[in-house]
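Residue numbering begins at 1 within each chain, and the chains themselves are lettered A, B, C, D, E and F in the order written.
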């Protein structure tokens, strides 16, 4: 069951309306590395997880991503200001001015509608965790790009918070990975000679030889905070 | 801020696995009249609502729709059973057997990925409420179709619950509509003669004359439970 | 059978080319609340309607929406002018300048391609009529947004006409609804206690109590022009 | 302006309901080579055509394709029968049974929603005519595939009619092409040496030498029925 | 098997970064008439071709289109320059600045993601060849549009090369067509009276009579370079 | 530049036609974890890579993925057999029988058209490598699912080969990651307190405390084959 509290996870504010930046920030509301995607991916993956501690973490993070989505949308809403004036939102997506009445929308910065094609779910926990670690890293990258292109101190503060939270989630997913790393698709890894070959199909340039010496399943090397009940 | 409780809104159970019905039920997880669509539409619309009582109702219902999504996904997960066997899911979408490892997915029954094209947001409260009343009615219809095609008593019970909840939401949205019905796009209604013409462009057959006598904005006639603080 | 007359439903003109406004007006050619969507929704719904008077109205309106689509496209074509010059169409969708040779396209203002995901068809007449009433209301809203952002008096005149026609259609669909309001998904409404509950899932704030007093099917209260043969 | 006559372009009938074949026939209602695509492509292209005789043919054919769409949808509607029973529609798209209440839908046989990505519009008449000639040829092919997989004599008769009409349209578009073949993108053809080179990038096997002897713009060799006012 | 050589098919250069033109050029990387579409269409069609000489040509051209894609992407990459600055890319798609870190993307100029809906494959060689001839003609048209809107001499040189190559491919596909023109969907052409009728459904204006005198399958009239082993 | 050799990377064969399995195998031709997606992701990412050794590996692997795509399509083509008979392909996508004339298509097993929404490109090398490691792991998982559902020994052999190759690519991408792991989005990791917090938003159940002790950037612990010139 999901519940909602009207208080935001963190206070959101903007120095002044900025319809152009509102468009850019849409990327993290309805784009492929955005908050809705993250929430939907983790919720979808959670349904079949048997390890209760890991399932709990997935739903903790998914709830937080929904709460981030709300923060990002709140900021977009403020940045959109009060005037329908498409030419003032001079780049990308202009739907706020011709369709949604300045409401935030489930699109990326250029107007592509959010699609479940962004969501990866395999039912295999190692694969899903690697997907999530990569997704959190990409989300951080997009926040870095957005951070560089705005001077509004309140918006920067929000982005900074969200960016750091993606790092925290990244850490948590790696912690989960450590706990289950010898299961599922990580079993029976690299047993066949084909897993050790290197094919040199782009010339000039070639890799370190014809053999990959040590085909092992993915494993992270940092100290861990293993999830426990 | 969104929070999650692991207890479902209502207990979900199935008499036995039924991979074919799991596919059919996907329609209400990731289809155009499904629970995700409802949740996303109401959350998106809520960001710009100024009337706090109405905003509260939108978020009450949106939270419930997310909770319905969880119930539907839980049922699909149980109905999918434990065997990867695409030919056993003999109709529609087979992604559970070749892609998601029996996990529920954000697609409709035939495999079309969920898209934000299903979501209507206009920033105009009368229009958004009419959209929601229509959406709830359509959701009821799809549940009726699904109810007729399953004998599993637990699944029927779940569908019955969800169908009745759509009726409750429908009532609540009409209550909101009554409160604001003279605002926004309902103002300045039917003042121009073009709003009263009838064009007879499909023959044979014609309507009641050339004039629409009474072009007024939409208004519902039932007694109401007006939202209040 | 469909036939075409080269005379437009109403004359369309523009004061001068305006490539930027051409982009904005694309919203009502190929967007979710646009004319193509309306035509396709009503045609699709009509195939299974048994009441001949109502079927006639659906096809009258669908034919008119196709004719509106032609008017909107004609205006876009004139507004696009004669110069391929993408930077002059300084917002949103630039396909007219790099792909379509200044031809109108089946996309919204930001370039999203038209998709049948916008079309709602349920085979249940009350639900389909509610969908159409809501769709007409949303179309009116978008025309209001577009009207506010253009000074060209000819374009304003066209938008004014189209906006008023959406009101007329809205009236006609409500007339149909009155005639069939006790059928289909409107039967067996609110008989279960679950249809009367209020779940308070967003805090703080709550609705008028725990009970919805009067869960009845939707019904409009205005005088009517019932469709008749 | 578009008008509708309730009489179909040709009478449609079926020997008996056949929900599986209804699904297959959806391909020509809402698929990439289907009737809606054809109608939308020709209407979209017509907006900027200056030659009135050719513009007339485009709109003649577009109107006929809309009328074909109506015929195909009518057949699907009859083939769907009267029972919601998804397992009886044992292949492809099952939306008729879980979403549309047996109404035809704007999807292909496997449930992919119709998209304007199927429509090619360039604003260049030679290119648009070549697109249409190819589109009519593909439409014929799909009808051949569908014809082979049904024994219902009424359905076969309808497909036969539609297939032959695609041939007629193909002829008409070639007639138009002959009239304008030295214009637009057909001018300045093959003047550069790069237009005569052959690159042998797939081995083994190679073409007839390194030179294309006669790079001329496309031109058809049959006798013609040139469009005239 | 595909192999890659790091040397481009032709050297690509730009006079100076031009983020706006980078956006426009995206049309031919990830748009409906772009290089990726061409490569994917010809590869997909090739799988079932039995004539080895024609299959060879399809794969020669497909490989070249992949190599064109690489050239276009290389030019976009250079034009994007080194600064993340969305407002500087003042039209269309802004994803390079908020999502891809200035990397070229598989989208069109307005940000629509590439979709396989652009690809036509029928398994019928005459139809597939007509599709390809039309596709090459459209690709030429788009390059003409792009050529007119840039002064950078290096970019113009690249576009000139690519445009001429589309003409060469067009010639090669017509050569293939000549070889197989009496097969597949070209057989049994125009045997039915319905293939000779003209329906006058758009008024005023009408075609040259009620009969199409000579309904023959498509056939090109230029001298040929027939593909041979 | 891309070149093609008609010899497949590995010989492909099937024991007998199996139209149902052909549909299932489509998942790895045109699905989100399939070969086309992999090739397009690595090619797209490669355009902006400055480290020549890593760029070489990306293009080696991308070329191999294109070659895998060719193998998978060849197998589908053989499995489709020679008869257009949609009911024989009794699950999922039926386009081979109504649209493509038994040609393989760029869709997943349920008919969803391939979309560039599957492709992740960020311009940040650590993020892109993590995306690729996850993508290879998911591709392995899907091959495992497909392997379990077929008895045809030739098909099993092909899947086995492809699955092992994904492991090899996974290893190679981790080797690249080790080389650049202190760059880009991995710099300035975990410096803010927000990167160390744990939010307990799903109840009951909670993680290991309120602090993540060691928020470091991702790093793999296996021995490596670092890419070198």
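Throughout what follows, a residue touches a chain if its C-beta (ideal position, glycine included) is under 8 Å from a C-beta of that chain, and two chains touch if they have at least 3 such contacts.
Since the structure is predicted, the reported quantities are computational estimates derived from the model, not experimental observations.
Novice: Could you find the chain whose CA centre sits the greatest distance from that of subunit C?
Specialist: Relative to subunit C, the chain with the farthest C-alpha centre is F.
Novice: Where does the D-E interface recur among B-C, A-E or A-B, taking recurrence as more than half of the contact pairs being identical by residue number?
Specialist: Repeat interface, by the over-half criterion: B-C.
Novice: Please report how many Å separate the Cα centroid of subunit A from that of subunit C, as a whole number.
Specialist: 35
Novice: Can you give the whole-Å distance between the Cα centres of subunit A and subunit F?
Specialist: The computed centroid separation for subunit A versus subunit F comes out at 19 Å.
Novice: Can you list the residues of subunit E that touch 2 or more other chains?
Specialist: 1-6, 9, 32-33, 56, 59-60, 62-63, 67, 90-93, 99, 101, 107, 110-113, 115, 117, 122-124, 141-142, 201-202, 205
Novice: Draw the chains as dots and join the ones that touch; what shape do you get: line, ring, star, complete or other?
Specialist: Topology of touching chains reads as other, fitting no named class.
Novice: Output every touching chain pair, sorted by label.
Specialist: Taking the chains two at a time, the touching pairs are A-B, A-C, A-E, A-F, B-C, B-D, B-F, C-D, C-E, D-E, D-F, E-F.
Novice: Can you check the complex and tell me which residues of subunit F touch subunit B?
Specialist: Interface residues on the subunit F side: 20, 23-24, 27, 31-33, 90-93, 108-112, 141-142, 145-146, 148-149, 201-205.
Novice: Under the touch definition given earlier, write down the residues of subunit D that touch subunit B in their complex.
Specialist: 1-6, 84-87, 89-95, 97-99, 101, 107, 110-113
Novice: Can you list the subunit F residues touching subunit A in their complex?
Specialist: 9, 32-33, 52-53, 55-57, 59-60, 62-64, 67, 112, 115, 117-118, 120, 122-124, 126-127, 130-131, 133-134, 137-138, 140-142, 144, 160-161, 164-165, 167-168, 170-172, 174-175, 184-185, 189-190, 192-202, 205-209, 212-216, 218-229
Novice: Under the definition above, what is the set of subunit F residues touching subunit E in their complex?
Specialist: Subunit F residues touching subunit E: 1-9, 30, 36, 40, 43-45, 47-48, 56, 59-60, 62-63, 66-67, 70, 73-74, 77, 99-107, 113-117, 119, 121-124.
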